[in-house]
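A short worksheet on the structure shown next.
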Amino acid sequence: MTNSSSSTGMIEFRGVNKWFGTLNVLRDITLSVEPREVVVVCGPSGSGKSTLIRCINGLETIRDGDLVVDGQRLGDPATNMARLRTEIGFVFQSFNLYPHKTALENVTLAPIHVRKIPRAEAEKAGRELLAKVGLADKVNAYPAQLSGGQQQRVAIARCLGMRPKIMLFDEPTSALDPEMISEVLDVMVAVAEEGMTMMVVTHEMGFARKVAQRVVFMDAGAIVESGTPDEFFSHPKTDRSRAFLSKILRH
Amino acid sequence: MTNSSSSTGMIEFRGVNKWFGTLNVLRDITLSVEPREVVVVCGPSGSGKSTLIRCINGLETIRDGDLVVDGQRLGDPATNMARLRTEIGFVFQSFNLYPHKTALENVTLAPIHVRKIPRAEAEKAGRELLAKVGLADKVNAYPAQLSGGQQQRVAIARCLGMRPKIMLFDEPTSALDPEMISEVLDVMVAVAEEGMTMMVVTHEMGFARKVAQRVVFMDAGAIVESGTPDEFFSHPKTDRSRAFLSKILRH
Amino acid sequence: AGTLDDITKRGELRVAVQTQGPPFSLVGAAGERTGSSVELAELMAKEMGVKITFLDFDWDGLIPALLSGKADLLVADMTPTLARAMKVAFTKPYMYTGSTVFTKADGKFKSTEDCKAKGTRIAVLLGATGEKEAKTAFPDAEIKSYKGGGPLLLDAVNNGQADCGVNDVSAVKGQSTAYPAGSFTIMPDMLSKEPLAFATRYDEQDLLIWMNLFLDQVSLDGRLQKNLDYWVNSDDWKKDH
Amino acid sequence: MIWQQLQSLAGSYPLALRGLGMTVMLSLISLVLGTLIGFGLGILRTGGNRLISSVIGAWVDLIRGTPFLVQIFLIFFILPELGIELDAFSAGIIALTNLAACFICEIVVAGIRSVPTGQVEAALASGLSRWQRMRQVVLPQAMRIVLPPLVGQYVLLIKDSSVVSAIGLTDLTRVGWLVVQRVPNGLLVFFLVGLGYFIVCYPLIMLARRLEQRIGAAHGEVQL
Amino acid sequence: MLENFSFRTIVEYLPLFGQGLVTTVWLSLLSFAGALAVGILLSAMNLQRGWLFRVPAKAYIDAVRATPLLAQLYFLYFGLPRLGIILPELVVGILALSLNSGAYVAEIIRAGILSIPRGQVEAGVASGMTYVQRMRLVILPQAFKVTIPPLLGQAIVLVKDSALLSLIAVAELTRAGQLLASDRFMPAEGFITIAAFYLLLYYGLKGLAALSGRWLGQAGART
């Protein structure tokens, strides 16, 4: 905590900007996520949601502004990124399962090698997690042998298995059917209630209403609106969010 | 049409079974899709939906039963699969864009080389299609430079660009936000109204209600129920589908 | 201290050889190293009262071995040309030989004159003196320089890839014995007369003087002639190796 | 005549065995060492340190770009001028190991670069250390790309080991040259030499194929 | 050997080195073109599902890879005449190098093709492309990128292997150095000059590989 800041935020964006070539993909992002808070990020496709949460564990570098995670400033030479990342779980939009490892191995790899949990114990926990997301019978299947939704559930289990302080989910239920969505969300809710900090990119408004303390709405790289789910859904403040919400409700 | 059958179905499954090792992923599927019909396939994750539609263009082979598409029996030596496939568009659950081609090239590749459409014409059509799915400004971007939802829209445009007789969509809107979903579905609806035969794996019940003539509900490799959207949503016949629907509605 | 002192102190004479084939240097059926030059070198070590160590290099490694001091002297059927002598010190010649022309016995090339026809394919060894002589003797012919030893030339002529071969006469005689008798016609006339000598370095003057003396001695007492008669001038060696 | 040649050849079998032994020893030692060093160099080279990476790159280029014969000459004949005296066998091992390491380095680099970035990101995100990322995620996937050319390289190196005859080691090829002087049937002699190499190399190729199939099966092999 | 290093003699021999270099270059170019052709053919055979093409291709690849070029050269140069086929040295040389390198190229191409994700093949199949179109438009362009570094490696091996052709009387670069070594007894001058020329060729090849990589690779690196 050498470079801790005055704020108590678990994740602190202060005037963050990012460019891809000439595209200003994150514009002046200022956002503070408190410990134990659950934040839902939504917004149109291409608005920069994935980029936003990829910045938090340093998969993307930012051009200017400060980003402080768990008291440590990213980009600071004193920050041990590998250590920090063990405290941040991440579920990728495209899963990124390890193709050469079975479902169980995908889940236990980091616990065994990073957390140094004994193999037997890690495997027991891994099996339980996979069972929780409905994959008890696919423990030994390779990713290529799994359906899209099954792969996504392995990815979620892989993240949960690390028991990090912060969890970042990038559209974690996109490949799931409604039935499975609610089961997986239940697992996530249970985790959230254990006191984890979560940022979830999702358009599952049911989930947002149920567990989120805050909804952040992004458009064209900027945070357009941010508020409690109630505020956001019932009294959207900007035209942009009203338009977005009307589509959801209509549909 | 040497091996045409008595039925007029555009896609005809007759007692189809498929195994992956010991797993009976498709059980006794019998299903007939009429020309110009739009069928929505839904069901829990891992129930065999992707496998079902992958069989239709021969990406998976079946063990027994008959599968007749556009009057041609799959697996029959007389069937020219490459020819047949030019009439079947397919949108993959995992997109499978060509990473070495730009968005536009992804869309025009098959029209130019398979349909032999002059390049200029194909590119004009491609640009229009990409604009329709909201990607006018990403025409020259490579897949790696696109967000998840943008990739998915390129995949849809790539399929539409072939103007096939039959279109198969595997969760075509999973990576999209609600706003974009409705826009893309509008494009698909417009296409459907031009008289295409469509099978769509999706859990967008809005889409199902709006354009589907029929909803097929699968579980554990078998078709559990099949009926008009009205019948299915209002009066599900089986316990299984009732349970599934209750989750959707609750959530 | 001179080279001879070093050799005495070491108790070992290090001789670089190239196992290029009978009759000068070869490996017998049982794997033993032998041949005319090899026996002469052994004789040298005996006279010095030290043991001998052969370092077996192929052609590419032979001169570096001498120049880098890995070997004290170099024993191979080497022609002491003036150009070469700019780099290494040769002893006085211990025998004379020369390049000769050979052809396949049942072929249409019967004499050296036949081989001078335009377009004749002449096989020679890369870098050997025969290569140069062939160029002057057969200006209209096509010279093919092979690498890898005399037997390869015989093989090439025998197979019809070349019409005539040019190589050292002793080598040709020695090596053709491995073929059925009468496979080759070896022309009696020689293209040239060339000396053969041992080589050492110019910074080893003492060794050079000693070797020259050695050659004088063995030719006086007949041991040189005995060696050459056994190995070069007859097929006697074939009985024993 | 053939019969007589065969008889003469049969007599040379101790020599042939010695040559084969030399070839096997030289290649075995230098392949093992070369693989270890080559993987190390490859990993270092992709490790992100500019300086290390370009130094390795320059060395690899130098070695890959020049004939092996010249390298072995420099080690055996020129190094002594700098006071490093080596016997022929050590010089051969050092030269071959260095050659192997450099070629394998390039192969490993290409393999590592072929692993999709998403995989590295997934490993980063779960906090695996640099070495764990390599060991658990990147290398196993890179091996698919690496294995075929790696074995190709092994086999090439076994054959390259014949160059050591230039510094006086009697390997299998050299034995061929020695024998052909007494048995002037190059075709036959070098057929047998070829056979000798085949006996050494073929099991290696088979082993690689087996491994490749195992890796491939786990990945869900492409059906073209 | 180095203290008396004579640049003057090297300059004297430069024309000879020049000729050798030219021979090595065009010989290697032709042989590599041949190797690519042989390699593509073999890998296409090797990737067939039926055994009729696959088995002979595999057998050929294994046999060539497991035996030294020297033996193969012997077989072609001295063996073919026994069957009544006498070819000029250069033809035999190019043939031997092509056939030899082709086996390695085949393995490299196969590995490159197998590294393409299955989804890519399926995308091609699903849009009705024929096998050839799929290969040409989807698989090979992606495979080539993975393949270029090992192909470069093979090209270098081939260029250096071409030195073996001096065995059958083809006058290439290495021979020029050997002449200097055996006429003048200046091995250091001879061999170091050869090395410098080969290094030159190597960087040339590397530049070409980088160019073709950029040309084929464009930007689509990840996913």
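We just call them A, B, C, D and E in the order they show up, numbering each chain from 1.
Just so it is clear, a residue touches a chain if its C-beta (ideal position, glycine included) is under 8 Å from a C-beta of that chain, and two chains touch if they have at least 3 such contacts.
All of these numbers come straight from a predicted model, not from anything done at the bench.
Trainee: Chains touching subunit B and subunit E alike, please list them.
Mentor: Expected: no chain.
Trainee: Give the fewest steps needed to get from subunit D to subunit E, where each step moves from one chain to a chain it touches.
Mentor: The fewest steps needed to get from subunit D to subunit E is 1.
Trainee: Among the chains here, which has the CA centroid at the largest distance from subunit A's centroid?
Mentor: C
Trainee: Provide the C-alpha centroid distance between subunit C and subunit E, rounded to the nearest whole angstrom.
Mentor: 36
Trainee: Using Cα averages as centroids, what's the distance between subunit A and subunit E in whole Å?
Mentor: Computed from C-alpha means, the inter-chain centre distance equals 50 Å.
Trainee: Roughly how far is subunit B from subunit C, centre to centre by C-alpha average, rounded to an integer in Å?
Mentor: Centre-to-centre distance between subunit B and subunit C: 82 Å.
Trainee: I'd like to verify one number: the distance from the centre of subunit A to the centre of subunit B, where each centre is the average of its C-alpha atoms, in whole angstrom.
Mentor: Each chain's C-alpha centroid was found; their separation is 29 Å.
Trainee: Would you please write down the residue numbers of subunit A that are in contact with two or more other chains?
Mentor: 94, 144-145
Trainee: Residue numbers in subunit E touching 2 or more other chains?
Mentor: Expected reply: 1, 78, 82, 117-118, 187-188, 191, 221-223.
Trainee: Residues of subunit C that touch two or more other chains: which are they?
Mentor: Subunit C, residues with two or more chain partners: 60, 64, 67-68, 148, 152, 155.
Trainee: Provide the full list of chain pairs in touch.
Mentor: Chain pairs that touch: A-B, A-D, B-E, C-D, C-E, D-E.
Trainee: For the complex, which residues does subunit D have touching subunit A?
Mentor: It is residues 118-119, 121-122, 124-130, 132, 136-137, 140-141, 215, 218-220 of subunit D that touch subunit A.
Trainee: Looking at the complex, which residues from subunit A come into contact with subunit D?
Mentor: 57-59, 82-90, 92, 94, 96-100, 109-110, 113-114, 142, 144-145, 158-159, 162
Trainee: Considering only the defined contacts, which subunit E positions touch subunit C in the complex?
Mentor: 1, 77-78, 81-82, 86, 89, 166-169, 171, 175, 178-179, 181-188, 191
Trainee: Tell me, which parts of subunit E touch subunit D in their complex?
Mentor: Listed in rising order, the residues are 1-3, 47, 62-63, 65-72, 74-75, 78-79, 82, 104, 107-108, 110-118, 121, 131, 134-135, 139, 146, 149-150, 153, 156-157, 160, 163, 174, 187-188, 191-192, 194-195, 198-199, 201-203, 206, 221-223.
Trainee: For a test of understanding, state which residues of subunit C touch subunit E in their complex under the given definition.
Mentor: Contact set of subunit C toward subunit E: 59-60, 63-64, 67-68, 81, 83-84, 86-88, 123, 126-128, 144-148, 152, 155, 159-161.
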